[in-house]
Structures are given as C-alpha cells and as structure tokens.
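Working notes, beginning with the structure itself.
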Amino acid sequence: MTLTAAFFAIIRRDLLLAFRRRAEMANPLFFFVLIVTLFPLAVGAQPQLLQTMAPGVIWVSALLAALLSLDSLFRSDFEDGSLEQMLLSPHSLSVLVLGKIIAHWLVTGLPLLLVAPLLALFLGLPEQAMGTLWLTLILATPLLSLIGAIGVALTVGLRRGGMILSLLVLPLYVPVLIFASNAVDRAASGLPVGAQLNILLAMLLAALVLVPLPTSAALKMSVN
Amino acid sequence: MKPARKQRLILIGLMLVGLGLAATFALQAFNENLMYFFSTTDVATGKAPKNSLFRLGGMVIKGSVERPDAGLLVKFKLSDFNKEVPVEYSGILPDLFREGQGIVAKGKLDERGVFVAEEVLAKHDENYMPPEVADSLKKSAEQK
Amino acid sequence: MENSQQTALVVKELSCSRDERLLFSGLNFTLMPGQVLLLEGSNGSGKTTLLRVLCGFRDADAGDISWCGDQIDESSYYADMAYVGHADGTKKELTVLENLRFALALNMPGHYSIQQALEKVQLAGYDDNSVQTLSAGQKRRLSLARLLITHNILWILDEPFTSLDRQGIELIETLMVAHVEQGGMVILTSHHDLTIPHMSLQRIHLDSLDS
Amino acid sequence: MSVIPAAVSRFFHRTASSPHFYALADRFIPWLTAIFILLLAAGLYGGLYLAPTDYQQGDSYRIIYIHVPAAWMSLFIYVLMAIMGAIALVWHMKMAEVMLVASAPIGAGFTFIALVTGSLWGKPMWGTWWVWDARLTSELILLFLYLGVISLYGAIEDKRAAARAVSILALVGVVNIPIIHYSVQWWNTLHQGPTVSKMGKPSIHVEMLVPLLLMAVAFKFYYLIAALQAAKLELLKREASSQWVKTLLEKQA
Amino acid sequence: MSLESFLYMGGYAVYVWPSYALTAVVLIANVILPVLQRKQLLRQISLRQKREKR
C-alpha cells in the first residue's frame, strides 16, 4: 500500500477507535467546560471582571484540557504493541505519526471549537471577538496536539509520566497561549489582530512540518 | 528503491514549502503592530481603547509632577516628544521615578482623557557610568 | 561481492547488555531462505532482547546486522520482515476485519487475502467480532494472520506458542513450514521444542554465549 | 540516517572513551580551578571595590556583576546542551550525552541565580520584585525547560534511553527559546536594552565594563569545572561495573 | 572607602549582599554535591567489589 493510504488508514482507525471509546474521549471536553465554569465561582461573578478575563480563562482551560487528552495519543498503542507494528512498517514513521496527531486533534481539538464560543458567551466576551476566538481555536488547538505529541512520545514509556508530561509540555505551550489569548483580548477591545493570527499560522505550519521528526525519534526511544 | 527515493523527495519538498510559508507569515506578522503597548501619541489621537487596561509608555515631562494634597496621589504628564497625556496615580513611586525619566504605566483612560494608572514602573536606561561622568556629559550637552 | 545481493540475514559480533549485565556478546549467525532459527535459553537470558535488537527497537552495544548485504536501516529490511511479540498489536475495540485491514494498510500486500488468511488460522466467520470477545488463543492466531496477509520474507516470533493449545501449536508449525518452503525465514523463541524434523533448523542457546 | 560513516563514529567512540575522559578531566580540573579563582577575585575586586557608583542607580547596580553573567550563562549552557544533544543523536557519542546531562543542573543553577538576583535588583530600581516582562518571563520558562530536562532524565531508568530522550528535549527546547522570547517580547519590556552587546562601544563605563567581562569569563570556567565534576559522577554511575572503574579503584587504594 | 561604607553599599546592602550570597551558595553546591556523591559512589563500588571477591 502507498504512504498516503497508510496515512489515511491511521486517521480512519483512530477516529473509529475514538468513536468506540466515546465515553473516554468526551472527558477532556467535560473537563474544559468544568474549568471554565470554576472561574466565575472562584473570582466572583462581576460581569466586567469576567469579560476581561474571558480570553485568558478560555485559553488556559483549553490548554489544560489538551494536556489531559494528550495521554490517549500514544498510550494504548504503546501498551498493545500497535506502536511496535507502526515502527516496523516500511513507511516513514513521521508521516504515520502526523496521521495520529491529526486524528487526535479531530477528536479532542475540534469539539472545543464548538463549545468554546458558547462558554465565551457565558463569560460575556463581546460578540466582536467571537470570530477571532474561532480563528485562534482553529489555528492553535492543532498546535496544542502537535507540541504535546513530542512530550507524550518522550514520556509514554514511563509508568508515572503524567507529571513530567505537564512539566515538559506546558512551557512549550506558552507562545500559543500568549498569541491566542492576546488576539482574542485585542479583538474584544476592537483592535486589529492580523499580526497575532499570522504568527499562529506560521507556528502551525512550522509545527506541522517539524514536530513529526522529534516525535518519531522519541517514540523509537520509548519503545526501547 | 526508486519510488522510495521519489517519495522522500516529495516529503522533503513539502517540508520546505511548509517552512517557507511559515516564514512568510511570520515576516508578515512582524510588519504589523504586535505591541500590547501604546504611546502617548496613540492615546492623544484616540487609537487606544477606552475602558480597558493597557500599558502606556513615555517620558515624565520636567516640571509636570505635582502632588495636590498630602496624600499619595500624584499627577504628572507623559510625553513621547510629540503629544502629552495627563496621568494620575496614587501609591508609592519607585526610586527611579524622576522627571525626565522613561516610565511605563498600566491603567485605563477615563472620560476626562486622563490616564488613571494602577501601576507605575520606572524604566532605567542601558547606560552605566559614574555620577561625575554623567555630570560632565550633561554639561557638555548643555554647552552645545 | 556477488554474495551481497543474496537474501540473507547476517549477524556479526553482536553484543548487548542490560542494566550493566552482559546478555550476549560475539553473537554470529547467518540465516538463509528456507531456514528456521530457534533461540533457546532460560528466562532473562536475553532472547527477547535479541529479537528486539533484530527488530531495530533497541540498539546493540556492538556488532552489525545486515540484510541482503546492506545495513538494515539502508535496505528493504522493514518491508521484508514481520514481527509478532508479546503484545498482540491489535486493537481490542476493533473487529477482526478492521484490525487486519489496518495491518495491511501499513504494509505491502502478501500472498493471501484477508479471507484466505482467516481460514488458515481458523478464524473464518469471526470477521465482525470485536477482538475483545476473542479468547487468548484466538487473539494469538489473529496476530499470526497478519503474517499471512502482508508481504514478508522474515518472520520474527517472540514466544508464538504461549496461550495456544496443542492444536494451535500444530497450526503455527504448519504455517511456519509452509512459509519456509516458499523461501521464507523464521526466527523464534520458544520454551517448546519444535516438531518439524525435516526442516533446516538452527539453534542458538543464549545461556552458553556470554563469556 | 547519519552522514558520517559507521567506521568514523566507531573511531570516535573509542578515542572519547570513558577512562580517557575521566583522566583528562582529573588533569584539567586543578588548572581550571586556579584560572577561575584568579578571574573571580579580579572580577569581584574590580566590580565591588574599584568600579565607581552608577550615576542613576547608586551601588545597587553592582548586582550586575553576577546577574548579567549568570543570565548569559543560562542561555549559553542551554544552547550548548542542544548542540551536545544533536551530537549525541547523530553520532551516538557517549561523552556528549554525559556532558549534556551534567550541564543541566548547572544551567538551572545559573537561571535561578539570574532570576533571584534580577528580582533583588528590580525591587529598589523598578519598585517591584517581579514583573511579567519579556526577559523575566522567558528566563522563568527557561528554568522550567531545565527542570524538564533534569526530571525527564531522572524518570527514565535505562540511562541510554534517558540520554536520548533528553537530547531530543534539549533540541526541541532550543528551537522554542527564541519563539518563547519573541512571544513575550511585545508585552512592553521593562527590562533595559542590552548594554554590552550593542554594536560599537558599549554604553557602560570602562571601569564598570572590565569587571563584568572578567566575571563572565570566570563563570565560563566555573561551568567547565562543575560540568566536568558532574560528568565524572555520571560516568561512574553508568559504568560502575566496568573494568576501568576497577583499575581506577585499585590505583586509588 | 572604609569597610563599613563598603558593606553599606550606598544603602542597597540588603539587595546586593544577599544576591552575592545566594550566587555563592548555588555555585558551590553545584560543584560540591557531585564531588561528594562521587566519593560515596566510589566507596560503594569498592565495597561491592570486595564482596564479590570473597
């Protein structure tokens, strides 16, 4: 079979798996909703305050939800030996890994796109910022899956990799957080956001190209 | 072997295209204003947002600092050598806050067009010299 | 060298240690088409480690492994080999058919169609059963079906007989014989002795290797 | 995969062998220590005693003599770690792995120093212990990157695999450092612009500059000493049961 | 300059001296700890070797 066939087969299989394990897959989404709702409870329900905090709250929650969902990216493949079979495939591991990351985003990132604007509305984010929120989610949630993949690949062989995973991945998420929440913030104040979106797009393209390389190297190390 | 090599070339080509596009977008972004920071000219010409927090940077105009009462309230004017903006702040000012010194203030514009600062941060410059040298520099500047 | 183009797995002066303990050193062997290599040794003697080195999962401390005269990374090795390890490499939420189709997508098609392979491993009719409903022996046979549907010359099998009854063991031996007769090669570890007398069988006993 | 033929890399493996490296480190450390102490003494004397008071910041600026060299070192060591990571990944050189692992705590130490001294300097000068400014934030994240390297190495039991993991992480981190830096940059920076690296003449009085440079060089030597010490420990840990350690112990006994 | 005024650091002593002290602590720790650990490790290894010889 050709490389493209293998690439799409991986995406199809992971989507099918996610569908069969849908209860498990929904957890990060619930987690996301839960964190966002915790903020008004913790800082008080002053509309003014919530409105200023909304972009940051939504993006921090998205980050944490992504972090929670990362573990499912390679864990089951690692445990049932599918990862070994992927390594033995004559096709380029990087491309197969990219397929897995894309499937992961479709399952965990895409739902955020639907839920986040709703929550933003609850937090009182001005409507003029909704479009930007959407755009940042489209551009930046794949980045979360991509960058996270490196961290998971490095820690998947560890019994208690969860803590280390967050230590590895969260610092690398910082630029995504800054540009994405800042873009939403500026949009809420009616300022232009072109620069932020351009940078997010640049980071996304660069990550799509570069991330599979260290990820597959790290997976090879983890299978060892 | 041949098709594998061709495939590898295609992949490398795609990677280069991706990186090239990424660089283009990044360059594009640097041409636009990224700063979450406004100059006094921006404020005076109405480019700065009303009713939301932002940072305002500028030089404290000499002789503009006044303390209207015995309290902590300080009024001064900031300038970027073009337009001036009045600033109000109540709190303890940092050591480096002096007239003629660059500062950054964080706060909001009120209806009067006065920038009400919540935080004032003094910025020191990158010059290090003994006081005598600074004096002589100043003198030579004045002579010119 | 004329010899270099010949299909063969050549291992030279391979050595490997684990947790500062030398597992084997100076290991040499050559495997030609039609041959079976049986690795023997007590638990912890490095059988699995050797198989993992042969699969490229692990780097050896020293030594060379070549396939058809080239280093394994630079040859068609990964297109020509297949591995069945302790972990099945199948997804328990997916059906038998879905698992096999995925395995096929990752590799090149082999001698048999999925249906033929399922018949050979006596899983015909289980196409739409999800793997978690299968018994341990059936799962094992399913992972062996993967060997039949994909293109490969060299089989690397880690304890293929575990959780199989006598019938299952006979089945695997038949499959191995058929594979070897078609010019294939097999490397396996096993606690059982093989009952395939007329085959060219090499044995390596790992306990006696470490010097 | 690798550009260098296997024979060449094997040659490197042997020449850069553990006992060689260990003996070499032993021979160099006394000299390095002597140079370090000389440079340090000169730098401290020049910086704390000879250098004049700053016209604007008074004596508080004397923190510069540790703050700035430490901040330089924190970046320098990370870049060095990434380079060693690349060498370790491509040529499987053990010494690069060992030096990479040995460097991480030292780099983390310098990052910590830069952060805390910066905070102690910021309080009197800026009026605040901490601001979320570009340099400070990226330095803090750099500290997390160092901690990530250290804890990842500690978590993987097979030290060969651990070294490889850490090499990958160091490389990924070094790509991210400029991105992180620029991402926090445009929250207007309170931190001063670079003083010394400005093209042309530095905007710092020469009597103040010389001790600063002396301290910077002294810290480089310190890094060499500390890294070699840590590398020796790492080598022993890895190869505790090898022959050369046995002979080493016999020699010492 | 007297020692007292040197230690006084123009009023910034509370900021300057702790900076230097902390730096000293961190730098010394980063050299001393590996050395101590190495000594201990060497002792352990030699003990183990003696055990194995018996």
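Labels for the chains are A, B, C, D and E, by order of writing; each one numbers its residues from 1.
Note that in this section a residue touches a chain if its C-beta (ideal position, glycine included) is under 8 Å from a C-beta of that chain, and two chains touch if they have at least 3 such contacts.
These figures come from a predicted structure and were not determined experimentally.
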| item | value |
| --- | --- |
| Each chain counted as touching subunit A and subunit E at once | D |
| Chains in simultaneous contact with subunit D and subunit E | none |
| Centroid-based (C-alpha) most distant chain relative to subunit B | C |
| Maximum centroid distance from subunit A, chain identifier (CA atoms) | E |
| Whole-Å gap between the CA centroids of subunit A and subunit D | 32 |
| Separation of mean Cα positions, subunit C and subunit B [Å, integer] | 65 |
| Gap in Å, rounded to a whole number, between the CA centres of subunit E and subunit C | 55 |
| Per-residue overlap in subunit C, given as positions that touch at least 2 other chains | 59, 76 |
| Shared-contact residues (touching 2 or more other chains) in subunit E | none |
| Per-residue multi-chain contacts in subunit D, two or more chains | 53, 124, 158, 240-241 |
| Of all residues in subunit A, those that touch subunit B in their complex | 3, 52, 92, 95, 182, 185-186, 188-192, 194-196, 198-199, 201-206, 208-210 |
| Complex interface listing, subunit D residues touching subunit B | 52-57, 61, 64, 124-128, 131, 186-188, 190, 192-195, 198, 203-205, 207-208 |
| Contacting residues of subunit D [partner subunit A, same complex] | 89, 137, 141, 144-145, 147-148, 151-152, 155-156, 158, 161, 164-165, 168-169, 171-173, 175-176, 179-180, 182-184 |
| In the complex with subunit A, residue positions of subunit B that touch it | 7-8, 11, 14-15, 18-19, 21-26, 28-34, 36, 49, 52-54 |
| Subunit D residues within the subunit E interface of the complex | 48-49, 53, 58-60, 62-63, 66-67, 70, 102, 105-106, 109-110, 112-113, 116-117, 120-121, 123-124, 222, 225-226, 229-230, 232-233, 236-237, 240-241, 245-246, 249, 252-253 |
